[in-house]
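In what follows, chain A forms one complex with chain B and a second complex with chain C.
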Partner chain A sequence: MLSAVKRKRIRVSKVKRLSRSPVTTFFLAFMLFVVGVFMALPMVYAVVSAFKPMEEFFVFPPRFFVINPTTDNFILMGQLMSSMWVSFERYLFNTLFVSGLSTLIYTFIAVLASYPLAKHRFPGSKVIRELIVTALMFTSAVTGVAQYIILARLRLINTYGALLLPSLASTMGVFLCMQNLTLVPDEMLESGKIDGAGEYRIWWSLVVPNIKPVVATIVIFQFQSVWNQTGHHLIFNEALKPLATALSQITSAGISRAGAGAAASLLLMIPPILVFIISQGKVMETMVNSGIKG
Partner chain B sequence: MIKSTNRKPRPMSLERKTKWFGWVFMAPWLLGLIYFFIIPFASSFIYSINFVTIGETGLDYEFLGLKNYAYMLQEDASFVRDVVGEVKNVLTQVPIILIYSIFVALLLNQKFPGRLFARSLFFIPVIIASGLVIQIIQKDLFANTNMRADESSIFQIGLISEILGNLNFASDLINIITTAVAQIFDLSWKSGVQILLFLSALQRIPPTYYEVASVEGANAWDAFWKITFPVLSPSCLLVGVYTIVDSFTSQTNPVMKNIITRFNEVKYGYASASAIIYFIVIGAFLGAVMLLARKRVHYT
Partner chain C sequence: MIFGSKKGPELNNRRVRYNDLRSYFTSYSMLIPFLSMFFIFTLVPIVSAIALSFSDFNMLELPSWVGWANYRRLIFEDDVLLIALKNTLIFAIITGPVSYIFAFVFAWLINEMPSKMRVLMTIIFYAPSVSGNVYFLWQYIFSSDSYGLVNGILISNGIIDEPILWFTDPNYNLIIIIIVQLWLSLGVSFLAFIAGLQSIDRTQYEAGAIDGIRNRFQELWHITLPNMKAMLLFGAVMQISGAFSVGTITQALSGGYMSVRYSTLTIINHMTDYGTVRYEMGYASAISVILFIMVYLSKKLVFRLLKW
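Moving on to the complex of A and B:
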């Protein structure tokens, strides 16, 4: 019995990184709690608002919490959606298809491209690295017109491609990946080369596992940005429009749709949050056992 | 292609092989970059030296030379003023955002029950603040309240001051509290991505470093400055660059708003010219930051 306790205690002290006084621990926990409350408030507000009956939106002074929670907003939203001639499922499919595909392809090509950029020296690599930072600054708001013309020439307007292809040219993921790869020791990659691994094998078995947290971050970024795309000016066929456009149409009717709008915004938040939780969970699980030896 | 440049017919050298692989690895992404960044970039430069109108077959150009630029710098008083204001804004905000997000990332990197939940909580502002959700919330939920123009202050400050007022707090104290709350709130809304980036950097620090430190008798404070901070410094630069670019190109700042409005008014030439000047300013700013940081960053 006693020895069991002892063994347990030893294990605990092994897991614990550094001794910290209870006061510090309490202080840290308290800070986290305070800041966490701040972060949670808008989320709570969004959830609460989605269940507010119509009258409570107009109460003065405005109230934070709901008095008589109701699901009317969701029902109204459902009615509005079903009165459109394209079904809800169709919009949902469009968005999920485009954001899912874009995330998959982009993560793959961004991690692939960042490896030679960070680890190889060849003519032109410096120019491309500089270009990446330039492209970060030159946002889509500015290149929008020229992009539209290119999409039109490629005959991609009014197809999924109009949403998908420009999102694959994003430089943010490559930038993040490249910067993180500079921290992976060259010796590790060289050891792979000495063991006879080809470039592809090195990339897949040495590079990718070592930058998993960043890969997860790219997945989140990409999914989130494509998910929010409305693409009003790129897609005119109602059956191909993403969910975000459809839901913004609901709320464009003004204040009378406040409740339905709140319900819609709550609905729109869920998938990115799920993607975040899944990918972060994966990262935490894998990073526990695989310490990188620097 | 390789064979023709290779004078002696022999197997590819290692150097040549890596070069070849480099281009193959980059090809899919590079193709996208050319189509959706380099060509648009070049065409916005062409717009900027022309008077652009929409004609029947596409865009019609009328060559102006540098007149767009001259007009912007000499006659358009608001442009220069807005750019200077934005530079000041970024100078004050970025350090605060960096310190705050390192702090929160350190907290979230501790082992405690529910840390996945806590992490998601800190990322939620990013999800809400980008795209449609914020528009819906702003447009509908706050249509009847006095919202500040700043997008990040989604939460009503009026509510807090009202509650405090009911509790008979002095009005000065209420002001201090509400400003502090508003600022912390703005800060936490702008730091979601940064926290995530620092977290991913922290996860790369091998636990053995800390074990060695604790064997050597270091306390948490020493461990932070001797291990965590040096390892984080390259990420500081990365996050710094991200934050600078993000705040300069946020679509809510006056300069970007101006540029976007001009585009919507079909003044493509003038809008492109102001965009190019603005990005030269951002580029110079980033260059200065990188130059300053290069000496202080540790690469392992």
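Moving on to the complex of A and C:
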């Protein structure tokens, strides 16, 4: 009996493979490649510029690739960083601490909140859902003043809290998670209820494992947005400022620091990409052949 | 069956009430941590911005109530706002739908690739959105002197005689910023689509193959798209609000509210001009309310057109 099932599965996967014509695969891969080059080009240019000696920025006709690669830009950046009041390690720690903590807390509270919003019915649930989606459409450009006043009242200006707490109010992750939860069938959650599991238990052992790709995506978004935060108007104590503020001072110096600026941006991009690779790798491992089981 | 709904006729009313209250309590307890943050740092600031739009507020003195004066000025006196409105609409109408479709098409294409290639391709397509300020690379590529990459290539091939001021010349700057914006805008919805595609139950495809689905496009239409509806909806909301709030790039690349003849002024830039340069916070808030209404109505319109 079991072997019959097995044979059937094998046959099915063969049928599936037959539906992939190699011509379309090639065509699709080619399309992806062409656009991929356009997407990657400015990135490649950033890497190349980071290793360009100063005089190669001013050759005519300009060259895309570097002729005599040098690490001067990184050394110059290092010198610029070490001539600042606060050490590089301190800036790095500030940023890592705030973005790490914010990612951890936000992912937890956002995924937790999205479960009752998507699956439970209680007084006010509809209003809260509407508020979250509508708030997403209001530009954050003018809400800064009120946020500043609130932070000042809470005596949080000039502390890590000024960077951390507002980042936990982001609505995007909750909305994303809510939408993904509509794919999780109610029957599966009901079965947990019949087994006598409480809501928190159902959330942890049935909901979260089934929406791993979205949880990983929230991790990436949150880490990246806090990592890039400069917060000049919230923190005045140099020793508490994040790395992005320090490095933006280098890039804002224009063409004379083009190389060092490229080196700084390159450096600033590495941690979010690492977080991306790690979390995506985890997702690929667990979800690649399964998806949400009905 | 939904939790908290009526449990059945055999239970008496009091018992139902008690169970409901208990399940409500659990739901609220799960919501509270996020909701308190949302309330303090998102909702209160939005409501106070809307309130400020009816006031005169220079950030030094207390705001004073002026009723509809800001809105009257906005509609009847502010000629520059019309230019900002026009530019924003051009940006939104071009970049919104194009980047939405791109985000889905490329997420789908990448998902069709072998799994090793997938992570790499996802990184390449997502990378522009990773760093906060990578768009400054375009400043070097479209640099206005002859050392700029594009100018250099055009001059050395004899196509033009003197360098073009790409970001200053009103003939070119809008289109170049649209290209940069498209390059940047794959971000959020693209990754959400990738996550959505990964969540689809694989057995549905196997069942589909038995039911006679012959190729990828049938698979896309009959299985993938129906499963992606919730994610597509999320992407649409994000793209619509993103498309209308172009501003950082125009400010950084072509000067935004300082651009020649306001050629790349957007509503966001106009707002920054009043908010952080002229300290007219009440007026800036009124502009933000107008922008919000535009985004909200566009979302309504798009959702009606797509019958969501």
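Assume the second predicted complex is superposed on the first by the 270 of 294 C-alpha atoms of A that agree within 3 Å, B and C clash if a C-alpha of one lies under 4 Å from a C-alpha of the other, contacts with A are read in each partner's own complex, and residues count from 1 in each chain.
Keep in mind that, in the parts below, a residue touches a chain if its C-beta (ideal position, glycine included) is under 8 Å from a C-beta of that chain, and two chains touch if they have at least 3 such contacts.
Note that this is a predicted model, so its numbers are computed, not measured.
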Q: In the superposition on chain A, see if there is space for chain B and chain C together, and answer fit or clash.
A: clash
Q: Considering only the touch criterion stated at the top, classify A:68 as touching first (chain B), second (chain C), both, or neither.
A: neither
Q.
With both complexes superposed on chain A, which partner does A:186 reach: first (chain B), second (chain C), both or neither?
A. second
(Q) A:83 in the overlay: touching chain B, chain C, both, or neither? Say first, second, both or neither. (A) neither
Q: Jot down the residues of chain A that show up as touching in both complexes, chain B in one and chain C in the other.
A: 15, 19-20, 24, 28-29, 31-32, 35-36, 38-40, 42-43, 45-46, 49, 57-58, 60-62, 64, 109-110, 112-113, 115-117, 120, 122-123, 125, 128, 131, 133-139, 141-147, 150, 165-166, 168-169, 171, 174, 176, 179-180, 182-183, 199-200, 203, 213-214, 216-217, 220-221, 224, 228, 244, 248, 251, 258, 261-262, 265, 268-269, 272-273, 276-277, 280-281, 283-284, 287, 291-294
Q) For chain A, which residues are in contact with chain B within the complex? A) 15, 17-20, 24, 28-29, 31-32, 35-36, 38-43, 45-46, 49, 57-58, 60-62, 64, 109-110, 112-113, 115-117, 120, 122-123, 125, 128, 131, 133-139, 141-147, 149-150, 154, 165-166, 168-169, 171, 174, 176, 179-180, 182-183, 185, 199-200, 203, 213-214, 216-217, 220-221, 224-225, 227-230, 244, 247-248, 251, 255, 257-258, 261-262, 264-265, 268-269, 272-273, 276-277, 280-281, 283-284, 287, 291-294
Q. Which of the residues in chain A end up touching chain C in this complex?
A. 9, 12-13, 15-16, 19-21, 24-25, 28-29, 31-32, 35-36, 38-40, 42-43, 45-46, 49, 57-62, 64, 108-110, 112-113, 115-117, 119-123, 125, 128, 131-139, 141-147, 150, 165-166, 168-172, 174-176, 179-180, 182-183, 186, 190, 193, 198-200, 203, 210-211, 213-214, 216-217, 220-221, 224, 228, 244, 248, 251, 258, 261-262, 265, 268-269, 272-273, 276-277, 280-281, 283-284, 287-294
Q) If you look only at chain C, which of its residues touch chain A in the complex? A) 1-5, 23-24, 26-28, 30-31, 33-35, 37-38, 40-46, 48-49, 52, 59, 106, 109-110, 112-113, 115, 118-119, 121-134, 136-138, 140-141, 146-149, 152-153, 155-156, 183, 186, 188, 191-192, 194-196, 198-206, 209-210, 213-216, 219, 227, 230-231, 233-234, 237-238, 240-241, 245, 247, 268, 271-272, 275, 281, 284-285, 288, 291-292, 295-296, 299
Q | chain B to chain A touching residues, read off their complex | A | 17-19, 21-23, 25-26, 28-30, 32-33, 35-41, 43-44, 47, 58-59, 103-104, 107-108, 110-112, 115-116, 118-128, 130-133, 135-137, 139-141, 143-145, 154-156, 158-159, 162, 181, 184-185, 188, 193, 196-197, 199-201, 203-204, 206-208, 210-211, 213-214, 218-220, 223, 234-235, 237-238, 241, 245, 248-249, 251, 256, 259-260, 263, 268, 271-272, 275, 279, 282-283, 286, 299-300
